[in-house]
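There are two complexes below, and they share chain A, which is joined by chain B in the first and by chain C in the second.
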Partner chain A sequence: MVWEGDRGASGGAEDDLPIFNAENLQSNVKSIYYSRTFLSIIGGVIAGIWGFTGFTGFIFYFLVMAAASFGLATQAKFSVCTYFDSWNRIFLDGIFGGLMSFVLFWTFAYDIVHIF
Partner chain B sequence: FLSRGVEFLSPFLPSKGTKRWQRLQIRPLLFFLSQKGLCFGGAAASMAEDLVLDTAIRDWVLVPLSVVMVLIGVLRYFVSKLMRSHQAPDLKVVKEGQVILRARNLRAASGFIPAKSFRSRKTYFTNEENGLLHVPKGQSQNAQAQMFSDPNLAMDMMKKNLSMIIPQTLTFAWVNFFFSGFVAAKIPFPLTQRFRGMLQNGIDLSTVDVSYVSSRSWYFLNLFGLRGLFSLILGEENAMDDTQRMMQMSGFGFDPSRVIA
Partner chain C sequence: MRVGFMAGILGGILLAHAGYATIQYRGMLKIVEEEFSRPPMNVVVELLLGLAFCIWAALAAPAKFRSIHPDSEENRIVSLPTNLDFMIFNHRGKVFPCNAEYKLKK
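Moving on to the complex of A and B:
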């Protein structure tokens, strides 16, 4: 869905310090953000429908985020320099930003299916 | 399986003699509970029993509140887009910006040009008499002072803040007025008792599980959780920027659209 948007960010393979094309890097980071947000919403709805409560739900959220990170790493061909400037972008970025959306949709789906 | 209403029978008074006993009956409370072992009179510690809430709450509280907040967000985005005053850019400011950009490119690409050319370019920018970027010591203005002295910028910031605060305040007042006094939702994870005051403000029972929250907390949950949704449906420049900046300042949360300043 957003995989096609990844653009090569660093060009000119010089000696040590790669140069980053700022615009492409920003676009890649944005696509990561969008995909994580979307996945956290979907994950929230799934967690609510399946009836996860308590810690199980949070564990599910981190599982979904880990799967997203793995997918992103695969898409970036496991070489961080081609698309991003550090591994943190792929793995740690935006995890807690999606948490609130996850909780909102988890509560919503859980209530609709199980309580009401 | 939704049983309607709760009728409290306060102890009816048996009469002496011929007086009819009166049965006091409290009108059904606004939240309709089906009692599965929930005992109001006793003070027994409440287990995690499952309250079953009325479908009407879902239809008329949860969904409308979420829909209203989404619509208000979209409305605010469009209004702020319309109200954005377009000012002609100042020539001097644009020139300075371009010079800075050129210097940045020079710095970034310094590995590609011979050292002599790099040095000559550097001197062009920074030498004392007529270097383009050279600012004598006393004259450089604080960026923040400059920001505040420019009336247009201050006006823009104030407009943005206002467009943020007013819908929030109005919606909060609306929620408090209409949707208070009953259990609105159950959050799926357990919380400690300290959150009870915050989350259950309209509910006056102290034995109900903290997971059952009032609609005010549903409002706050929506407020924070819909930011992600807005960024998906409105594109990256949306009116929730202030919240993101607020969260950045408070330390957590990562704003990815401002990675490269």
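Moving on to the complex of A and C:
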């Protein structure tokens, strides 16, 4: 088991790092990453089939990501300190990585449905 | 997790069907020489339904979140013997008389 915590021998308050189980944190973060990547791909396919062009597609992507963030926050029962070390993990991590996958599948689906 | 996978597959099938329907709709528009503005309503409904199923799958299929508090119920250290700091070997210390009053020599 890997624990991260304060390094002082007596655990003094001045160098008190929050103690958490890093293995579980990593597994939680991986789980969020998989969810976001999958939803980016699905969002891209939907945007391509629907025929979005330009900004509308990106707005659709951010809407899907917002829905995913809300769903993840619900799954974490809105108590972020039990499962993660900060709110940013739920709301911001993986959004810009997913953007690349979204654009890839968006152009892919758009090409298949509307051009070829 | 099984339900999550099924929901994801169902969402994928709905999206594939919606894509196929849109391709046919475009073919029909080419025949009547109209512009494509948006897919027909039933395809839009199908896309949104597929999105809903896939969001459900994305949230349900990965492993449940595990608590990161070291003192929560599910993180209790039950694997003490396998922790490197606490390994117990079969050694001859057990023949020493156990005397709790031994003190460190100063």
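In this text, the second predicted complex is superposed on the first by the 98 of 116 C-alpha atoms of A that agree within 3 Å, B and C clash if a C-alpha of one lies under 4 Å from a C-alpha of the other, contacts with A are read in each partner's own complex, and residues count from 1 in each chain.
Basically, contacts are C-beta pairs under 8 Å (C-beta built on N, C-alpha and C of every residue); 3 or more make two chains touch, one makes a residue touch a chain.
Keep in mind the model is a prediction, meaning the values are calculated, not measured.
When both complexes are overlaid on chain A, chain B and chain C end up sitting side by side without clashing. Looking at the shared chain after the overlay, A:Val64 reaches chain C, while chain B stays out of its contact range.
In the superposed pair of complexes, A:Ser101 makes contact with chain B only, with no contact to chain C. Contacts of A:Asp111 after superposition on the shared chain: chain B is touched, whereas chain C is not. By the touch criterion stated above, A:Phe84 is placed in contact with chain C alone, chain B being left untouched. Touch criterion met: A:Phe55 reaches chain B, while chain C stays clear of it. In the superposed pair of complexes, A:Leu25 makes contact with chain B and with chain C alike. Look at A:Tyr34: by the touch rule set out above, it reaches both chain B and chain C. This overlay, made by fitting chain A, leaves chain B and chain C with a least C-alpha separation of 6 Å. Residues 19, 22, 25, 32, 34, 38, 112 of chain A contact both chain B in one complex and chain C in the other. Those residues of chain A that touch chain B in the shared complex are 12, 14-15, 17, 19, 22, 25-26, 29-30, 32-34, 37-38, 40-41, 47-48, 52-55, 57-58, 93-94, 96-98, 100-108, 110-112, 115-116.
Touching chain A in their complex are the following residues of chain C: 8, 11, 15, 18-19, 22-23, 26, 36-39, 43-44, 47, 50-51, 54-55, 57-59, 62-63, 65-70, 72, 75, 77, 79, 83. For chain B in complex with chain A, the residues that touch the partner chain are 50-55, 57-58, 62, 66, 108-109, 111-112, 185-190, 221-222, 224-229, 231-232, 236, 252-254, 256-257, 259-260. Here chain A touches chain C in the complex through residues 1, 3, 19-22, 24-25, 27-28, 31-32, 34-36, 38-39, 42-43, 45-46, 49-51, 64, 67-68, 71-72, 75-76, 82-85, 109, 112-114, going by the rule given at the top.
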